[in-house]
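Below are two complexes that have chain A in common, paired first with chain B and then with chain C.
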Partner chain A sequence: MQIAEGVQLVTFAILSILMLGAALGVVLFANIVYSAFLLGGVFISMAGIYILLNADFVSAAQILVYVGAVNVLILFAIMLVNKREEFKPLKNGWLRQGSTAVVCGGLFALLSAVSIVTPWSISTVSPLSSSVVPIAKHFFTDFLLPFELASILLLMSMVGAIILARRDFLPDDVGATSTQDSLTLPERPRELAGK
Partner chain B sequence: MNSGIDLQGTFVQSLSDFGISTELAKILWMPFPMLLMLIGATVGVLVNVWLERKISAAVQQRIGPEYAGPLGVLQPVADGLKLVFKEDILPSKADPFLFTMGPILVVMPVFLSYLIVPFGQNLVITNINTGIFLWIALSSIVPIGLLMAGYASNNKYSLIGGLRAAAQSISYEIPLALSVLAIVLMSNSLSTIDIVQQQSGYGILSWNIWRQPIGFVIFWISALAECERLPFDLPEAEEELVAGYQTEYSGMKFALFYVGSYVNLVLSALMVAILYLGGWSSPIPIELLGNLVDVDPTSSWLQVVDASLGIAMTVLKAYFLVFLAILTRWTVPRVRIDQLLNLGWKFLLPIALANLLITAALKLAFPTAFGG
Partner chain C sequence: MLQLQYFLVLAAALFCIGIYGLITSRNAVRVLMSIELMLNAVNLNLMGFSNYTDPTEIKGQVFTIFVIAIAAAEAAVGLAIVLAIYRNRDTVDMEQFNLLKW
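Here is the complex of A and B:
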C-alpha cells in the first residue's frame, strides 16, 4: 500500500494547510465578508479530513449542516445588514491585539502539548466499509436520549418556523392588537369564506 | 441476478496480466471515468440547449435553429464557441477574486455530483454508501457561490438576485431532503445502486413512483426550484432583476453559470429517474425477456446489450423529465417571491413531513410492500 499511503499523506498536508490558512484568514481579515467565505473553506477542509478518517457520513453531514446551513445563514445576516460605519482606530489598539495573540498562542501551545503527550489508543481494526449503520445503531441504543432530545429540539424549531411563516403580521396593527390577550400573536383575522 | 459488465475489473485484470501492479493499474484506470463524466455532462448540456431552443420554438409556433447542422443541432456548439471568445469583463469596482470564485463554486459541486449517478450495476464512478446524501450535501454548497457572485459584482440587482437565489435554494432543500429520506427509508440504504436495485423486481410495477406519488411531486417541484427553472426563476428574472446575480458576468464566467444550470437540470432529472422511475431498469425486466427467448443470462453479448439498454433507459427517463421541465418553462408564468417562499415553507414542507411519517407507518404496517 505504498501509493495509497502517499496519497493519504499528501492529501492530509494539503487539507491541513488549507484549513489553517483559511482559519487564520477568518480571524485576521478586516473585511467580514471575506471572513465569512473563508469560514466555509475551513468547514470544507474539515469535511475532507473526516473523509481521510473514514467517516464518510460525518463529512457529508459536516458539509450539509455547516457549509449549507450555518455558513449561508452567516452570509445572509452579513449581507442583509446594510450598515456602513467608520471605525476610528483605537488608541493603544495593538495592546488588545497583542494580548489576544498571546492568549491564543498559549492556548494553542497547551492544546498541542496535550495532544502530543496523551497516549492515544490507535485502533488497528480495519475500517468499516460504511459508517452509517454503526452510527445508527449507537443512536438507537446507548445514545438514544441525546438523539431524541436533539431531534425534538429541531422539530420544535421547525414547527416554530412554520407557525411564524404562516401568520400574516400587520405592522400597522401592532398598537391596536396590544389590547388583545397577551398570549395570542398579532395577526390578520382569517377570512371565513374564500375571497 | 448477475452483476453485469465490470469495466474497471476487466481493465485492472488485463493490465495486471501485462505485469503492471494492481495498484498502478487502478490509478491508470482513474482518469477514464472522470473524463467520461465531464464529457457526458457537457454533451448533456449541448443536447439540453438544443432541446430548449427547439421546444421553445415549437411552443411559440416558430421553427427554431435550422441552419447550423441538420435540424440545427450544431447551434449549441456555436453558442458555446461564442461564449468562449467573448471578452471577459471585470467591473471596475467589483471584487476580482470573489468575482472569479463565484461561478467556480457554483459549477464544481454540480459536476462532482455526477460521481453517484449509476447507469448500471457497475456503471457508476463510485458506489459510496452515502450516495444520495452526498448529492444533497454537495448541492448545499451552491448557494455560497451564488451569494459570492451577487456580492462581488457590486451591483444592487446582482446582490438581490444572489440573496433570492440563496433563500430559494435553502428553503427548497428541506422538502427535497425529506422526500429523499422517505425513499431511503424504503430502500434501507443511501446508496444509489441499492435504491435502483430495490425497485427493479417487477419492471414498471415496482418503481417507487407508485409507492411515493406525493414524494415524487414534492421532489420534482423542489428540484425545479433548486435548478432555478422558470416557474421558480426569481433569482434571474430578466424582466425585473435584469438577470440577477449573472448581470455583470460575461464570456466564460457567464458560460460557467449557464453550463452549471443546465448540468444541474440534467442531474436533477437523472436523480428523479433513479429515485422514482427505476433508474437503469427497463419497464419490462430484461431477465424475463431473456428467459422468454431462452438465452444464457451470463453470455457476454447479453451483458453488453443489458448495459447499453441500462444507459439508454436512464438517459431516456432523464430526458423525458427534461422535456417536461422545458415545456413547463415555456408555458407557465413566473411566481412571485412571496408565493415562492410560501409554497416552500407553508405547503411543501408540512406535506413532505407528513409523507415521511406516512411512509414510516406504512413500512411498519406492510413491510413486504414498503421494504421492511
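Here is the complex of A and C:
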C-alpha cells in the first residue's frame, strides 16, 4: 500500500515534530508525571513512523508493549515512589549540564553528518504488502533459538522483578511464620499509611 | 519521497536527547525513561535500514521486536531496582546513590 508522497512527507514532519517535542518534554519537565505521559506520546508517534516505514506488525507491537506495558509500569513506579523532594542544587550544576549539552550536540552533529554523507545502498525492490508472514517465518526458522531465549528471559525478568520489589522478610521472624500457608513467602508487615 | 537519511537524523536527535536526560536528570525514574528513549532511537535506526536496504527479508524488524521484548524486561527489572533502592535509602536522587563512590 502506497500513499501519496506529499502526504508521507507531511505526516513524517508532523510525527517527528511531535516526537522530538515530547522527548524534550520528557527530559526537561520538572514534574515527573508530565514526563511519563509525554513518554507515551513519544511511543505513539514512534508507532506512526513505523507505519510510514511499512511495518504494521512492529507498529502494533510498539503500541501494545510500550504504551500498554512499559508506560503503565513507569506510572506505577512513580506512584510507588511518590516522594515530593526538592533536589539540592549541585555546585557547578550548570557546568555539568552545559558540558553535557555540548557533548550531545556534537554527537548529534557527528551522527547526522555520517548518516547524510554515507552513500547507503538503497534497494529498489518495492516493499512487501504485509510484514506479518515474513516475520513469522523468521521467528520459526532462522531466529527460533533467540525467540525461545527471549521468552526465557522474560520469565526470568518477571521473577527477578517480583523478588527485587517485594518487601524483604525479617530474619528473626522466620520461625514464627511457619504457621501460615506454605505458598506465601514471609515478608515484613506493611505500613498502612505513608509517612 | 522520504529518504533514509531523514529517519537516521531523527533517530540521532532522539538518541542525543536520551543521552542528555540520562546524564543530567536527578530522578531515578527519569533516568529509566531516558534509557527507553535511547532504545527507541536504536529501534528507529533498525527499522529504517530494514525498510530501505532490505525490504524483502526485513530482518531489521525481527531485531526490533527482540529489542522491544528486552526493553520491556529491562524496564521491569530497572523499576524494581529503583523501588528497592528507594526503600533502602528513602530517596530517588541519583546524586545520593553514592555507596560505591570512591
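Just so it is clear, the second predicted complex is superposed on the first by the 151 of 195 C-alpha atoms of A that agree within 3 Å, B and C clash if a C-alpha of one lies under 4 Å from a C-alpha of the other, contacts with A are read in each partner's own complex, and residues count from 1 in each chain.
Throughout what follows, a contact is a pair of C-beta atoms (placed from the backbone, for glycine too) under 8 Å apart; a residue touches a chain by one contact, two chains touch by 3 or more.
Since the structure is predicted, the reported quantities are computational estimates derived from the model, not experimental observations.
Trainee: Once the shared chain is lined up, is A:Ile122 touching chain B (first), chain C (second), both, or neither of them?
Mentor: After superposition on chain A, A:Ile122 lies in contact with chain C alone.
Trainee: I'd like to know which partner A:Gly40 touches here: chain B for first, chain C for second, both or neither.
Mentor: A:Gly40 contacts chain B only, not chain C.
Trainee: Classify the contacts of A:Ala60 with the two partner chains as first (chain B alone), second (chain C alone), both, or neither.
Mentor: It touches chain B, and chain C stays clear.
Trainee: Comparing chain C with chain B, which touches more residues belonging to chain A?
Mentor: C
Trainee: According to the stated criteria, A:Pro134 is in contact with first (chain B), second (chain C), both, or neither; which is it?
Mentor: A:Pro134 sits against chain C, while chain B stays out of touch.
Trainee: Can you pull the chain A residues that chain B and chain C both touch?
Mentor: 57, 61, 69, 76, 80, 131, 158, 161-162, 165
Trainee: Would you mind writing out the residues of chain C in touch with chain A in their complex?
Mentor: 1-2, 4-10, 12-21, 23-30, 32-34, 36-37, 40, 43-44, 47-48, 50-59, 61-62, 64-66, 68-77, 79-84, 86-87, 90-93, 95
Trainee: Considering the complex alone, what residue numbers of chain A touch chain C?
Mentor: For chain A paired with chain C, touching residues are 5, 8-9, 12, 16, 19-20, 23-24, 26-27, 32, 35-36, 39, 42-43, 46, 49-50, 52-55, 57-58, 61-62, 65-66, 69-70, 73-74, 76-78, 80-81, 83, 85, 87-88, 90, 96-97, 100-101, 104-105, 107-108, 111-112, 115-116, 120-123, 125-128, 131, 134-135, 138-139, 143, 146, 150, 153-154, 156-158, 160-162, 164-165, 167.
Trainee: For chain A, which residues are in contact with chain B within the complex?
Mentor: For chain A paired with chain B, touching residues are 1-4, 33, 37, 40, 44, 56-57, 60-61, 63-64, 67-69, 71-72, 75-76, 79-80, 129-132, 158, 161-162, 165-166.
Trainee: Mind listing the chain B positions that touch chain A in their complex?
Mentor: Touch residues, chain B against chain A: 23-24, 27, 98, 101, 128-130, 133-134, 136-138, 140-141, 143-144, 147-148, 151, 159, 162-163, 166-167, 170, 173, 190, 341-342, 345-346, 349-350.
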